[in-house]
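Each of the next two complexes has chain A plus one other chain: chain B in the first, chain C in the second.
Up next is the complex of A and B:
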């Protein structure tokens, strides 16, 4: 009896298992139709490999970690992804790469360090992987990455050392359109109009005209370029600093006046969060920064200005219209032990399929695949209050590819040196320690001296 | 001194103490109140002083990787302090009793490692540790902190040993005690305040270190100060967790210092007044 029962039970379980297996297969097939799996080179070619990677913490990786077990199941490798805070990661990765270490098989190529790492030859040339059809099938489409986001990961000869997983397009957020409409003000499209709107709004209903944050070498260059200047004379070929050009002086004066007259007290030490909070709560009317920091005024649950906010292109300068763009990428250290396995991971993580899943399943919008950003699904999810945020994002991120490469100053490995000097000069002007001309003349000299000290021939 | 003058002096003293306390404690109190606020409240302007406190920041810390970092800090600071004392105290005693010609040169050589900034040693340590596999280990941190604390122990303990009369040791030797017994049972109990003060300084150095921990650890041996910085994310700083983590990092040092306060005061002031 027991035996019979047991046999019966076993048969029942077996049938259940069969049904479960059938359902799982069906589910997987349906799932694959809805979200096709990324192409993996062969079945379990990397069994036994432990892939070590590192990055700073970001929502992209938090979401990606949900899918990594699928990748591990497909390839047979184990992914050990170390995530640290932004400053901690940058310090550790910089040291690891520059000392020729091989602790990581793939790394985040941080925007601010990309030019230095690429120029110093610390990363593997990814063209060797994309150029080999055995390693990269045509469906992966390297050209699908938005050109503006790829700029930091190319060397002077055009070789690619990273692929971007996150893009930031500089846009303008306006939190109090209600106040502006009451005063008959339109969305500013030029620097002059920006100043007029800030002046008209500042102080009304306790709102400041605009807000910004302490990273001036990110916020300021679009103004310098807007007035016709640049950070270097003609980057990346001519890297003589151009900080004391009349255009740069005019720009720094303009931007310093905006902050001095129309921003909250203490704005020079504001972090990005503080500035975003001022915008989200409607304490400041305008914030010009990467889309990821601005779009929460329309999309975040914390936003108190959802009904009165707009997100638009930043105003154009009298000479040029150059909003900045940034991106974060994935690359392979030159001395990595498992380069092919690392490429398999990068290819999978940045595949159109995973990018689309991130958009559809998590509403993660800052992906860099043009085909995904242009898709109907993306447009639906990112159209808020009638504003097509995806189109705006793509438009700004695509600008460096449409002619003059105005983000070239970020591809120069000496930018951090000049950027630091620019930050200090701006603070001197904004705090009225020095007039713009004197500050920028001193900055020019200092930048040249620092670059020479670092070994740059000018 | 008449009554009103004495009262006025007392008032002045109280005001001075009050002002000093405000200056000294306000950063800690500000940090502490931040740790009981949500991120939104922390960033609110003007900052609200009356609010409904929340334990959420501490709960999140407890649920994350912070406790492991805290344990790493405790282990690296405690073991390195103990090791530095075990090696340094006998060395200091030997130096204090040695009257040879090379004494000053040796003492100076011991202090050299404390003269260069830590950055000068960090990269060699990093490369060496990577080579021998000590990167991202508590053992690696203990060895680094010990090497930095050892000169401090030797230099701090020498004057304490010099205050112990040699006649006491000679008397014990005459009574048949061995050198080991003399050191352990006669000399050491007399320099306990010095050991306590030195231990506190060693512990503080290792506990508060950020730079070595940042460079020489990754995930497994990450210490509390680095873990606190780890809340400075690209997408925004977790102010509440930073404040809660900072408050917790202060706690062991505070407790340790209070526990040995009696020894600390006498240890740090020993030899300050002669005669």
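Up next is the complex of A and C:
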């Protein structure tokens, strides 16, 4: 009886394995026919390895999971990818990396934690892999990654600890150009023009002038920098907070007035989804945020404003023109057990071929490969109403790498503490609890106190 | 030793032996993490600073910093307002509802079941329901107010209403608890008392104040105390409805502890905040036990 059962089980497993192998082979063949696959591990040196990786939940990984069976069939590896909510993942990764654990072979290098992890030496130097032709073929081209997206993943000496899989370039979405044209309004190019357009549109046809959401420490810094200020005095070297500079106070007042006067009621507690819906349905005219959230007004099936929308550069401030940009990267923990195998996965996942498939098959345009973004196919797919969204995306994403790295404030390890203080101060101003100067003076004191408590020497 | 003494000693040994597995399990799942929390609170533990978890060079540093941390002090005050007002409403409305529904009828029985729904919903679902209600552009509440030409401010982003908005949602969620407790107490009151009072010419108000209220007072106190202890867990509502804002108007202590640990990585300091909160809750719990014993002694 036992023998029979065991034999039966074994037969069932064999059938399943056979079907899986068949499906994987078919998928790989079809995939390879339609799109050339990256050249990896022909001799399958990593066969039998179970590769463990982790990240936060993101559409990139959901899409990538469709292709992972192909990678597994090609290399003989098994990929165990663990996806969690953003704060949960960050906490888990912080704990894992700082304790020198080896539970993961590859991890997401979260943008806001990148500097902290790189400076603390918690990640493997990827130059050792890209510099070895046996491990990285020339056609993988590390320099093909958009420079601005790579900045957070380098140490002070220029060594690379991560490669970016997603870029967020801050752009401005306008949902009701028809209303603007009726009123003779042009696309705002400066903060002053932005305020004028918001004032002119607000209340017309039930549309609010603009919309935003509760992550003020993402939305607000471009205004502070636009007026000539910054979050820290001179990050990453001088991280003394600069929250009560005249420029920062001016920016806080400006942005608070925009939200108080021209945004929907309750905008201070809006989530990204709420703000995006307001834009997609044309209830709000302007939303300034990452391209991944804004471009759907032109491309999404849910959009009610496809014909009347535009996506452009965010307006420039009177002093500087610094739209925010960020990226997320993949890296290898310093103590990972299967570093070389993990590099095979990163190479594959961020290869030009997979990046292009994500664009072509799923419309996922936030990739960081310059060759892909500049390709004719990408341009065709991302040109809507005559607008070359790829060019705009590339331009904004690349800005922090040209001249001053103005996004450095966001990658220093002290940013979360100071960013939270900034959020609170902004809400106090926007709800008239405190005048801007008083709120920012208090925020400055609080930020310094919090940083000192956390062990930062100022 | 007498035979009775021997039996008592044996019984005590047996009780201790029988209880031991439960106590060991309880210690492991509740005691050990609590001890670890206290130990962590004595360190400057930060996730990105290896070794800080075992640095006991200044064990009381975190506790010394707490009184000078305005956000911590503010969070205690916000928590006190939220707990006091929330519990007061829950007890009063629960009692009122129980008095109204303390009757035998099918409709009333259905209504009782209906009123239990909020309490059995997962807290995050409750928070999402109220998020929808409080969001002006999609809320039926705002739609109705619009039809009646009533201009309503945004409740969750208004300094004056944000905490009230959370108290309302918390009351909606936990009202069924006090309602059930009071209803159970009402059902234990013998009908003879009120019937005799009616014969003596007492009106309904007098019956309530002189007969019903003395009977249900212990339950009101106990359920109020339970809710007071539990009110520190209003986290999902704060997290989803206001994020502690605007400013720090709705930032309760456990939300602040969450920010310290998850956003700022200050595990040691966050632990000290949690320990203080734990001590406050334990004090309230001891108060409940003391009140219960005192009442028993008086009876």
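Heads up, the rule we're going with is that the second predicted complex is superposed on the first by the 422 of 458 C-alpha atoms of A that agree within 3 Å, B and C clash if a C-alpha of one lies under 4 Å from a C-alpha of the other, contacts with A are read in each partner's own complex, and residues count from 1 in each chain.
By definition in this document, a contact is a pair of C-beta atoms (placed from the backbone, for glycine too) under 8 Å apart; a residue touches a chain by one contact, two chains touch by 3 or more.
Keep in mind that what you see is a predicted model, and the values were worked out from it rather than measured.
Aligning the two structures on chain A places chain B and chain C in a clash. By the touch criterion stated above, A:57 is placed in contact with chain B alone, chain C being left untouched.
In the superposed model, A:94 lies in contact with chain C only, and not with chain B.
In the overlay built on the shared chain, the residue A:302 is in contact with chain B alone; chain C does not reach it. Of the two partner chains placed by the overlay, only chain B lies in contact with A:292; chain C stays clear of it. Which of chain B and chain C touches more residues of chain A is settled by the count: it is C.
Once the two complexes are overlaid on the shared chain, A:82 sits against chain B while remaining clear of chain C. Contact with both chain B and chain C is seen for A:283 once the two complexes are overlaid on the shared chain. Of the two partner chains, both chain B and chain C are touched by A:264. Shared-chain residue A:274: touches chain B and chain C both.
With chain A used to align the two structures, chain B clashes with chain C at 23-31, while the other stretches in 23-31, 59-67, 149-157 or 185-193 stay clear. Shared interface residues of chain A, touching chain B in one complex and chain C in the other, are 87, 91, 95, 99, 264, 274, 278, 283. Those residues of chain A whose C-beta lies close enough to touch chain B in the complex are 56-59, 82, 84-88, 91-92, 95, 99, 101, 103, 264, 271-274, 276-278, 281, 283, 292, 302. Looking at the complex, you find that chain C touches chain A at residues 44, 46-50, 65, 69-71, 134-137, 153-159, 241-243, 245-249, 259, 261-266, 269.
Those residues of chain B that touch chain A in the shared complex are 39-40, 43-45, 123, 126-127, 130, 135, 214-215, 218-219, 226, 229-237, 239. Against chain C, in their complex, chain A makes its touches with residues 87, 90-91, 94-95, 98-100, 116-117, 120, 122, 214, 264-269, 274, 278, 283, 413, 416-417, 420, 423-425, 427-428, 430-433, 446, 449-450, 453-455.
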